[in-house]
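Alright, structures below, take your time with them.
One chain, chain A, links the two complexes that follow: it is found with chain B in the first and with chain C in the second.
This part shows the complex of A and B:
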């Protein structure tokens, strides 16, 4: 070929992703030369802030990293501490932790499905335009999300940055009767979630699939929230404590968030698509049926269809929440006793966006000597960049504005929480 | 709160921010100081600014006063006041939120769904530093006190709100 023009696609501030970051794509002819997702990173600040603090403070401090998934931070923190101190929370207390996680998944997924992702498929600039044409759809979204909030409020003590979680269990436990009204609303929510799956299944999806290395937790009996081994479709099957022996973080110049890679494989993919594809057989029968009716196979490699997978996970979360509530018997004590010791503990739980890894090194009094936090979005950065590298060449003939839109949508497929991986996103497409 | 008949003041003050983002905490700190003054006749809430939750909060309240840190390029500590019930907030000012569906979007979605409280007063405090940290810039510290006084004054004249 003769001399090819270069072109840059820049999105200074990506709309409808949590937080702010930038995207820069450099093209030469129809070849993508460079894709950079540029983000900054608060977890490093929190890691420093945690040093010297008592172990008991970690759940509430780390919950502040993200307003969307505070429960995930609390859960990974408490599991890591309990691992260090050699205790295991079981029975109803463990079930309540799963219930709390159900609330967060319902809230977070509903927000992304309706407010952030659906407008892309329907050609609306945002959910406000969607609401003008389809107010009932948006009202359903708000009510569904609110049901998730109600779970978090009841169990977490308040809606945002729950304060009722502690190492060993909870501070205060709800009574069975407190769950009665919630259960009624959850039944409505489960129907609304099924309606949501039908709604998103009717959206138009680009024909785009990739051979991802999926990584998620896997548990012998459950769809994973808090517990399990780390597995991949590439043969990985390790306990959480071996995370750092298998995954390494690299600094790249264009991002303040470290890039994670799986040794010998490189980029990997965490989140709903990975969780679903590695754990379809652990979904409740109702959620499996909803997925099948929506045309989803047990493995989904089209990132645009993550909107269906999230909706299936909302069905599961409502279903699981109802199951837990029905079987709830209030334990005598809200928490098990904790005796600090000098040790290192590991925790990894399934945040709405994927695995969230915590490691703490503690002294004999339980003071934190070292903390390490790896949020899901920073683990997906490389995969997001690779998606764009393969996606953009298919759409080069599009006008600049439409191409930029498609790029933003390709990023939003991953529901990046840049406020977790970071705070402040901007898309540049460089055609020279 | 919550027991008054409709049309009577059902005051709600919401301070938005992130306590670990330096000046972004301005709204939270202001709310904390206001709480001591208005706890008897209304609610004061510290919030991360997640839009859907804001909509749920303000749906049945009036008047509603929101305080948030903003960035518009004005001098640090500059205070802006908007009535969001009358016109959209300048979204670019409120972009430095960790939430893509944040305050400005919640206002417009409430408007589209005809659930906007009247009035919905928004105070913006121009931030200087939004890096990770827990210290306030001096100009913001000063501005917070001013905002607290202005909000309390506004609330003391809140009777007209019930007539809007």
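This part shows the complex of A and C:
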């Protein structure tokens, strides 16, 4: 038997992702022997430190899991608590929560599309370099991102770790007139988002598709943010309270984040591609049209094209934010009354990176006895590793540095948030 | 004057145990980012760039607390590489929310979260950067205020003292013309013992301050604890109030331990 050469591809510190991680790929000949998304970001033990805290503290404490998507943590936490206490927040308060989520999607997606992902397609190290050659593109990005942050700031007080979200609603509600200036900015942002879709549709995409098991929320009428059933393209259709009966978390040695798998299927995929492919019919007509113009079918299986899908979701978020603002009438009370009881509550909402699951067991005073949090990135880790396993063999002839960069890009397709996953990424390619 | 072109000061951003929110504040400074990039050479900032320039650096921004043996060694090297070392945020400055482990058995924490505890390597305490190396300036907040960050970078480049006040949140409320919610609504508010910087956000939203900027320069924690008791809070609630994002800051630590003993 001839001895085939082995080789490794290593990236010690994966750049342009949130948090710390690396990548290690081992090849023998043109066979991939091992792919590890290494998460070395230190664990922070949120589920443990939540024990003994009051239910009302969960939205602010869990927000600190991630500075990029704090709203998602606040939303999943408040929904889980309200589920436990048997109350439902509806009407304008519910609409304002959707509006807050629109702000986070615009801000987080714009950050990823222009500052973390686009430089890969265009061969730049970062957005600052990109700005030297394309100042107008980067200015548009910054102003678009700022508009998302302005929504979160108006409703939440500040863009990172907003302070106005509480179980039952908000602490203080904005008046209609406070939204006037924001609505004008959002109209500009919607046009900027449409230009963003056109811009990213012109980027070069590798010919790479996979048959993913997509998992996302699905709501009878809306593109999902806060509510819905968990569905997949493999026939899954469950209430969120059955999440743990269908998905399990595994602890692997190379990662400080737990890996999540769908029972009987293994790896699955959450996030913009899944959300879009399972809910295309729920997008606004403008967002659907933008997707079609960009050449996207109602189902997208090319992870590199997630940059287009994110841009389409920015269009949707601007559109939806404007709709909510136009119909806004300030409710009399900022929150509904909460009466704690001993119970277990479930929350699952669509963070920018995909479904974020929370479960809390509470005592009769509302103290947290047990907490469980499953962020989107830990659900996607296996899929990211499998993507690389299939992607790398097609590009082995590339020079080392180019191959490493392609691998990094393949990871960044998923906008991994390592801070979330450890409640991380280095790329190593091993060719022996 | 010499015709030699002046070298741009080099800045680096390092992450320890944290949520990434404070370094994101730099990218959230949408109106200032390109000017900052014009004035400085952003040499090492992995969250934003693949180009990772080697030290030494003129300014190092450190986010996050020290929670592993590896990080305890890494911060020594970071200090050696940085002329001016600035910590950004409550994790780097006070140990962060993850410092709640400091009152618990960390091995039990590992067992609660992870199925195979032997894979996990962590220290018993989550500690601020200044417990490991000398720090030139500590910027408070969970998260930091991006305008304070820009002011701090500008002041450092100009070689002057940054305008970052150490008085309490109460002064910001007065300046904004807020009616005191502790007095008018009877809300438990940590504003009197908490350093300004947020712009009195929570009180402006009819909510008590929860102390995310940490202790002000001379906090009377005993008095605020008594006030909380008058408002009907029990010792467990007072302990929790001091034990959040700046729990390991010594004034808050002392206050929480006193209410826990009472």
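Just so we're on the same page, the second predicted complex is superposed on the first by the 424 of 432 C-alpha atoms of A that agree within 3 Å, B and C clash if a C-alpha of one lies under 4 Å from a C-alpha of the other, contacts with A are read in each partner's own complex, and residues count from 1 in each chain.
By our rule, a contact is a pair of C-beta atoms (placed from the backbone, for glycine too) under 8 Å apart; a residue touches a chain by one contact, two chains touch by 3 or more.
The structure presented is a predicted model; accordingly, all values stated were derived computationally and were not measured.
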| item | value |
| --- | --- |
| Touched partner set for A:180, first chain B, second chain C, both or neither | neither |
| Of chain C and chain B, partner touching more chain A residues | C |
| Touching partner for A:66 - first (chain B), second (chain C), both, neither | both |
| Partner chain(s) touched by A:149 [first = chain B, second = chain C, both, neither] | both |
| First, second, both or neither for A:127, with chain B first and chain C second | both |
| Which of chain B and chain C A:45 touches, first, second, both or neither | both |
| Shared contact residues on chain A - chain B and chain C | 13, 15-20, 42, 45-46, 49, 64, 66-68, 111, 115-116, 126-128, 131, 138, 142, 145-146, 149, 159-161, 419, 423 |
| Interface residues, chain B side, partner chain A - complex | 18-21, 47-53, 55-56, 95-96, 98-101, 105, 108-109, 112-113, 130, 132-133 |
| Of all residues in chain C, those that touch chain A in their complex | 15-25, 27-28, 30-31, 33-34, 37, 42, 45-52, 67-68, 70-71, 96-98, 100-101, 104, 106, 108-110, 112-116, 119-120, 122, 142-143, 198, 201-202, 204-207, 210, 212, 237, 240, 244-245 |
| Chain A residues touching chain C - in the complex, by the definition given at the top | 13-20, 40-49, 51, 53-54, 57, 60-61, 64-68, 70, 111, 115-116, 119, 125-129, 131, 138, 142-143, 145-146, 149, 157-161, 163-164, 171-172, 249-253, 256, 258, 334, 405, 408, 419, 423 |
| Interface residues, chain A side, partner chain B - complex | 13, 15-20, 42, 45-46, 49, 64, 66-68, 111, 115-116, 126-128, 131-132, 135, 138-139, 141-142, 145-146, 149, 159-161, 419, 423-424 |
